[in-house]
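Next up, some structures in structure tokens.
Paired with chain B in one complex and with chain C in the other, chain A is shared by the two complexes that follow.
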Partner chain A sequence: MPGADKETDLSERIEAFLADLKRGGSGTGPLRGSGEMARETTALLRRITAQARWSSAGDLMEIIRNEGRRMTAAQPSETTVGNMVRRVLKIIREEYARSRGSSEETDQQESLHKLLTSGGLSEENFRQHFASLKANVIEAINELLTELEGTTDNIAMQALEHIHSNEVIMTIGRSRTVEAFLKDAARKRKFHVIVAECAPFCQGHEMATSLSKAGIETTVIADAAIFAVMSRVNKVIIGTQTVLANGGLRAVNGTHTLALAAKHHSTPLIVCAPMFKLSPQFPNEEEIFHKFVSPHEVLPFTEGEILSKVNVHCPVFDYVPPELITLFISNIGGNAPSYIYRLMSELYHPEDHEL
Partner chain B sequence: MADCGEANGPERKNEIVRAKNEEKELTKEEKQRLRKEKKQQKKQKEKKDDKGSSEKSGREKTLDPLSASQVLSTQSPTQKVPASAPIPVPPSGAPSHSSGAPSHSSSGAPSPADKPAKSKAELKAERRARQEADRASKQQGSSSSSKTKAPASDLNPVVKRLPEHVQVDDPAVVKRLAKKLERQQIPLRSDYGYKVSLFSHLHQYSRKAPLTQLLSIPSSVIHPSIVRLGLQYSQGIVTGSNARSVALLHAFKQVIMDYSTPPNEELSRDLVNKLKPYISFLNQCRPLSASMGNAIKYIKKEISNIPSQYKEEEAKTKLLECIDKYIDEKVVLAAKAISKYAIEKISDGDVILVYGCSSLVNHILCEAFDKNRKFRVIVVDSRPRLEGREALRRLVQIGISCTYVLISALSYVLPEVSKVFLGAHALLANGYVMSRVGTSQIALVARAFNVPVLVCCETYKFCERVQTDSFVSNELDDPDELMVTRKGKTQLEDWHDLSTLGLLNLVYDVTPPDFVDLVITDLGMIPCTSVPVVLRVKNVDQ
Partner chain C sequence: MSSRGTKQKKGNVTNEQEEEDQPLQAVLIADSFNRRFFPISKDQPRALLPLANVAMIDYTLEFLTSTGVQETFVFCCWMSNKIKDHLLNSKWCRPTSPNVVHIITSDLYRSLGDVLRDVDAKTLVRNDFILVYGDVVSNIDVSQALQEHRHRRKVDKNISVMTMVFKESSPGHKSRCEEDDVIVAMDSKSKRVLHYQKTQGLKKLQFPMNIFQHGSDEFEIRHDLLDCHISICSPQVAELFTDNFDYQTRNDFVRGILVNEEILGNQIHLYVTNEGYGARVSNLQMYDSVSSDLVRRWVYPLTPEANFTDQRGQGCAHSRHNVYRGAGVSLGHGSQMEENVLIGRDTSIGANCHISNSIIGNYCTIGDNVVLDRAYIWNNVHISNKVKIHQSVVCDGVLVKEAVLLNKQCVLAYNVVIGPNMSLPEGTVVSMHHPEEEEDDDDDEFLSDDQVVGNSKDKTKQKGLVLNPDPDSDSESEASDGSQDMGSRSVSPEMDDVKVFQLEVLGTLQRGEEENIGCDNLVLEINSLKYAYNITLKEVMQILTKVVLEYPFQQQGTKLSSSQYTVLLLPLLKKWSPVFKNYIKRAQDHLDCLSAVEELFLEQETHQTAMVKVLMNMYQLEILEEDAILKWFSAGATTDKSRQLRKNQGLQKFIQWLKEAEDESSEEGE
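And then the complex of A and B:
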């Protein structure tokens, strides 16, 4: 039966996606950028909307929430997956509200007045059935997909506003966003880039070769030399894995040192992060904040005799507090870290913060 | 000094002086004649220096700075020399470059007005009287000489010549160095790879091309233990400030043991000259560290202070004793003293962070563990040298419980750290700490987390240089070491082909004094800013 086939097909795809997520995080699978991950997640959610069986918005949201929970459990460090799920949930709410005809503003925020007058009953249970809901939601998700595809270009277009000639720019590790940003600026301006290699994965090497092939003067330095060369740096431009709800960052390890050194020399720290990286998490949740990989990267098994007697840590991420950041450049423009909470309220509904 | 020279010298000089004073129009021939005479005198003087007796030349050497200072302070009332006749400076000032000549003229030439009155014999008598007075005062070593020396040295501006290894971008300096090395028969090491423009004033060598490859066998100029030492330095087999200095001193002991004074030479002067090409060679293998520089200064001073009446065997045993005493005092006993102070700072339950492999810090931790302090250690390491693994091995062998991380994970481990112990390569006179690259970063992040930073450093590593950033004077290591092969791929394999790509492998960096809370030295626990005080105390002692 076509219906059953579609369902099994859908669940197969979901399983394949989850397996991919699990593998990708451990470093053995193909290393994919967050942009790709976001697009794949959104495409999958669109497929679920199209093929799964649901009758009202509430059902759809339940289905998507369940799948979202499974996806984030598969790879907690990949926050873009969770972010996309929340975006889609918000889209569904909006489309539902539009179909019902009520204006958007009244349902926006939980105001104190609303809390007191509502009497504790939540009015919305999304049980009404609308025929055009499916089509509207899918259209909105398509718009989201187009937005996702253009984020890197949108950010790169702003490069010339921030980089002048003969600058020395410092970056760490490998970020595709920053790479595109610098390459776009290099078309018109001449500047020098210093890349910190970011041990133990040394992704900075890849970044440096790619930048120098584009004709940019690049220098690779070891992580230990970050503070030593910082006095000659004019700007620090970095990418990040996640932007947290307080405006802080969850970035590759070594970024906190870089941010502190920049603050000491009063060098501006610019973060190039597209909006899909914005996550409603706060940094206090210790258990899910840090991610560790095999200590073999730090102390290889060849050092066998001492390996059993020492503790070796290899964290992947660093927390950078918002006071050290000067500017966020995203696909919707430049923002200060203190504005991030506002952007978040536009992207996600408060009830979806906990999936 | 030979009499004939003496006789000619002051005479000619007086002629010149007189001619100038009388403001005669010197014709071209006379000028040429004067120039030729000056050249002859210089040559004669140099010849005399080479084969003259040590006493006289030694005295002349001590005479020179004194007479130079006399030239500067003619009006000063503290005339050291009980002058039979005042020694005014000829108003024109003998226009010659060598320092010998002005002393010659000022000591040899009394006022032009008096010249016809004094005969050669009287001049000689004056000079001898002055030399006796100098010798007497020098032997006294009394406060009077030091008193007169002190104002003289204050007036003398300390003209520090910039070391060659930070002027690589100046072709004149490079040429001069090449000529000097040729003279000493030492091969010149060539730079390797693309140098980052910010560091074009420094050398960058490749580890795969050691200097010893260019030496001919058998090499007659350089002692084999020095060749071995140079190779060990350039290949990184002997690393660390203390290890390098001690290895250097042991090699010099070998050199001294094998040394024999050639005939007609004085040990105190010839040995110093023998050491100069060795030092150039070692400098070419790897730039000298501050501790090595201080050790070399000490040895040279000891050698030149050998009294001439010592026989060769006596002198050699005395020198060997001096070197042993230096190592013992400055390295071994200093380490003991520093451990004693540092152990007071380690309490039970501490979590101590160390960086890289500092022999002194390892020693402190081992001592503390022996005294049954309960603590654990976090060893931070960095690419590409990965020296922390060596420290880790030593600590684990003793039984200290250790954690090991790379420097990029610093923000992750620091919240649980109670103290940071750092070693130093040198302490500069403005309070900056020069140490392995990455130390300043550790101090910076520790300060952000409010963790106290303690630097442990022996006093023989204090140096008089000042520096505010890590660019002006540093060492560039082999850039190829930054390459790494992960999962079978080496990203930077072809970095030579990419003209816009540069690799920077720094060795040292400087830590500002506001990041350092305490410096533990063998003289006690001092703040970073007291370094020039210690230097002054040391100088006065010596």
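And then the complex of A and C:
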């Protein structure tokens, strides 16, 4: 039976993806960039939409929500996965509303009055069957995929507005987005980049190699020297793992130090963050926030007896509060941290915040 | 792995394609073939013992699956049904699993060797496979090692049969297992193993000179290696185990291959990594250290909260200081979880408890004012108030009554009830099984029979067992541990190999005489002994000569007169002459044999008169050639004693006779 075949093929793919997520990031954060992760998640969700058995938008949302829950549980630190699930849920809601003929705008608007009287457009209303829904949803997901593919380029295109000639720019670790951003600016302008190495994983070294290959004048400094060097810096440009709902960041270790130093010297701190990194989570959700990896990088396993006498921890992420951030550059333009809540409500439906 | 594979493909597309198409296979041995975990392992096979609340075999399977293994053969022997049930209910046997698990059970497996012989008999493996035990915990990425292994096999025409994975860790590391400490001599460039020696209990090490004369100019002798017990084997390994029926363990195999390297042309290589984690839970000490490594996240991403087995409700939350809490855990007022604590689901803990470096299973109840330090508490355990547990294991279903104190290294096996108000001395093991049940094959691990003072309510038989978590604390069991890996062999490697060999040869000959075994079979047996103990051909011959000539003394005592001795010896010589002929072929062999004879008779001065007869006899049986005897006679005398020996009248006459005989024969020739 071809149907059953499809089903097992689908669940096999899902299992493989989950297993991948669980094993993902054995040390230096995600093995793949979060951009790739977002694309993979979306592609998988598209496959689920196409191949799973569902008759109404409600069914489909339930399926996706279930799988989404498993995916986020598999690797809670990989927030892009959850974000993409929310995006797809939002797409289904919109497509359903469009098929029903009601305007999308009505449920977009969020007011206190509406929240109080809500319960009108809940799951029961998604029971109606539309033949064209599947095709529409898949097309919308395809659009999302195209958008995802263009994000880095879109961000990099704005580089010339932010980087000027002979500026000194500091960054930390290795962010693919920042890398593309700086390289794009380097085509027209000459500037100097200082890279903090970002111990213990030292992704900064890779970043510096890559930048200097592109002809950018690059200096690597130890993390401890960030404050000392900051007085010379015109701008700090960093990437991030997640943008939290309050406008704060969850970024690699050492970013907080960097942000504080920048604040002290009143150096503007610019965060390059594609929209898919916006996550409707708050920094107090402790379990999701932390990620501790093997302490190997901090104190190598080859050390003998000392290991039984000490406790070694190796956290991966820092929290950077929103007041330290000057500007977010996303694929749709620059925004202040205080505006993040608004973007969030545009991207995700409030009912999907909790998967 | 796939990405690396694609990079490689540029070179040799078709060949590489073939390699890639074959699914990667693994052989997992879910039995330890020893009794380190007795009496716990009497109720539950070792592979299913919980390690940080997950069965050990799940770690091994997860490791295999994450390295890209697509087909795993799980071999079980002891309590195979339990292992089978566990696997069938786990995620590994779901249809979506990328790793197909086949379970093969048999009660006949007695060692690793038996399993691999069965692998060969059933021709299960078609390509290189990974060989692991069911109690290996690892996150090492072996794809690199696999690549190197395949490359070597392609370049060197299948000479390399095995790649062993080792992890760098300096001596004194707590995750290094005493029993598995090895010294390895290897070629730095090709990573070929030249010498391999377990060091446990050894004070002196000897490296044969010839290993350094193999042409490569760089060698490494390393002691900073932790054996992960992960080996990448080619299908030949299984065949070699079949060919050499005396190989029991991997250690036998490695030594056998290294000794026979020139003959068979097989090599063993090493892959040393300093990333990742790999260790085998081979005894309680390792259980302790691997558990604590897991909780301290050394095996990331195999952490307790990852729930990689995909079991419902198994997940837990990780918070600061490596404290993990399962679902439904309740903690009383004033209780502290200091650090490195894992608590399973639905466990409740009373007030004012103090818990550090401990692992507590599911559905446990723990009373008030309890102190747990380095305690490993499994599922469904009840611990009453005021109990103190230090560095001990408490198995499923145990009831610990009020105010019990468990000192270090205690084990409470399944369903034991203990207390109230007692203190167990260090190293106590309490089990529901009567120690005498196991008397026949009672293991050296559990030495003493001294009864533990104290009474448990339900007539639990108690027995003081010495487990061995602390190497310093008892040297006795350590010394005897080594014998365990050797499987059926009764001798430990600490004994001088040559001496052991000599005893074995003697035993063989005795049996040969009693049971009238043919000389061919004797030769075969001696040959296999030779390989097992790493004895050179020269030594074999010397020992053989010595054993045979001493044989009458062995049988009848040393007070034989010379004439009695010769009477007894001559028929033996005749009988075993084919054995001698098998070993004495080249001229040098003759000389060696003669010097062995000489040596023996120098020791047994009273019997020197018998020497002539022996030599005469050996000459007549064509064991020795006259040229050799003459050469020996003229050349050999170096010490006073041997000069004396040569002045023996009988010998002089014999030599005279030989010379004449030679002259005659040459005259006849003319």
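Heads up, the rule we're going with is that the second predicted complex is superposed on the first by the 337 of 355 C-alpha atoms of A that agree within 3 Å, B and C clash if a C-alpha of one lies under 4 Å from a C-alpha of the other, contacts with A are read in each partner's own complex, and residues count from 1 in each chain.
By definition in this document, contacts are C-beta pairs under 8 Å (C-beta built on N, C-alpha and C of every residue); 3 or more make two chains touch, one makes a residue touch a chain.
It should be emphasised that the depicted structure is a prediction, and the values quoted were computed from it without experimental measurement.
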- Task: Give one of first, second, both or neither to describe whether A:Ala16 is in contact with chain B, with chain C, with both, or with none.
- Result: second
- Query: Of the partners chain B and chain C, which touch A:Ala228 in the superposed model: first, second, both, neither?
  - Reply: first
- Look at A:Glu197 in the shared chain and tell me whether it touches chain B only, chain C only, both, or neither; answer first, second, both or neither. first
- Query: Thinking of the overlay built on chain A, is A:Thr302 touched by chain B (first), by chain C (second), by both, or by neither?
  - Reply: second
- Who does A:His290 touch here: chain B (first), chain C (second), both, or neither? both
- Task: Have a look at where A:Val312 lands relative to chain B and chain C in the superposition and call it first, second, both or neither.
- Result: both
- Query: In the superposed arrangement, which partner chain does A:Asn253 touch: chain B (first), chain C (second), both, or neither?
  - Reply: first
- Message: Contact-wise, after the overlay, does A:Ala208 reach chain B, chain C, both or neither (first, second, both, neither)?
- Response: first
- Query: Does chain A have more residues touched by chain B or by chain C?
  - Reply: B
- Note on the structure: chain A contact set shared between chain B and chain C covers 290, 303, 311-314
- Item | Touch list for chain A against partner chain B, complex | 197-202, 205-206, 208-209, 212-213, 215-229, 231-232, 253-254, 256-257, 260-261, 264, 290, 298-299, 303, 306, 309-315, 318-319
- Task: Under the touch definition given earlier, write down the residues of chain A that touch chain C in their complex.
- Result: 8, 11-12, 14-16, 19, 22-27, 73, 286-287, 290, 292-296, 300-305, 307-308, 311-314
- Show which residues of chain B lie in contact with chain A when the two form their complex. 196, 198, 382-384, 389, 392-393, 396, 401-413, 436-438, 440-441, 444-445, 448, 469-471, 482-484, 486, 491-492, 495, 498, 500-506, 509-510
- Which residues, counting only chain C, touch chain A once they are in their complex? 65-66, 94-98, 139, 141, 167-174, 224, 274-277, 289, 296-301, 306-308, 315, 317-319, 321-322, 339-340
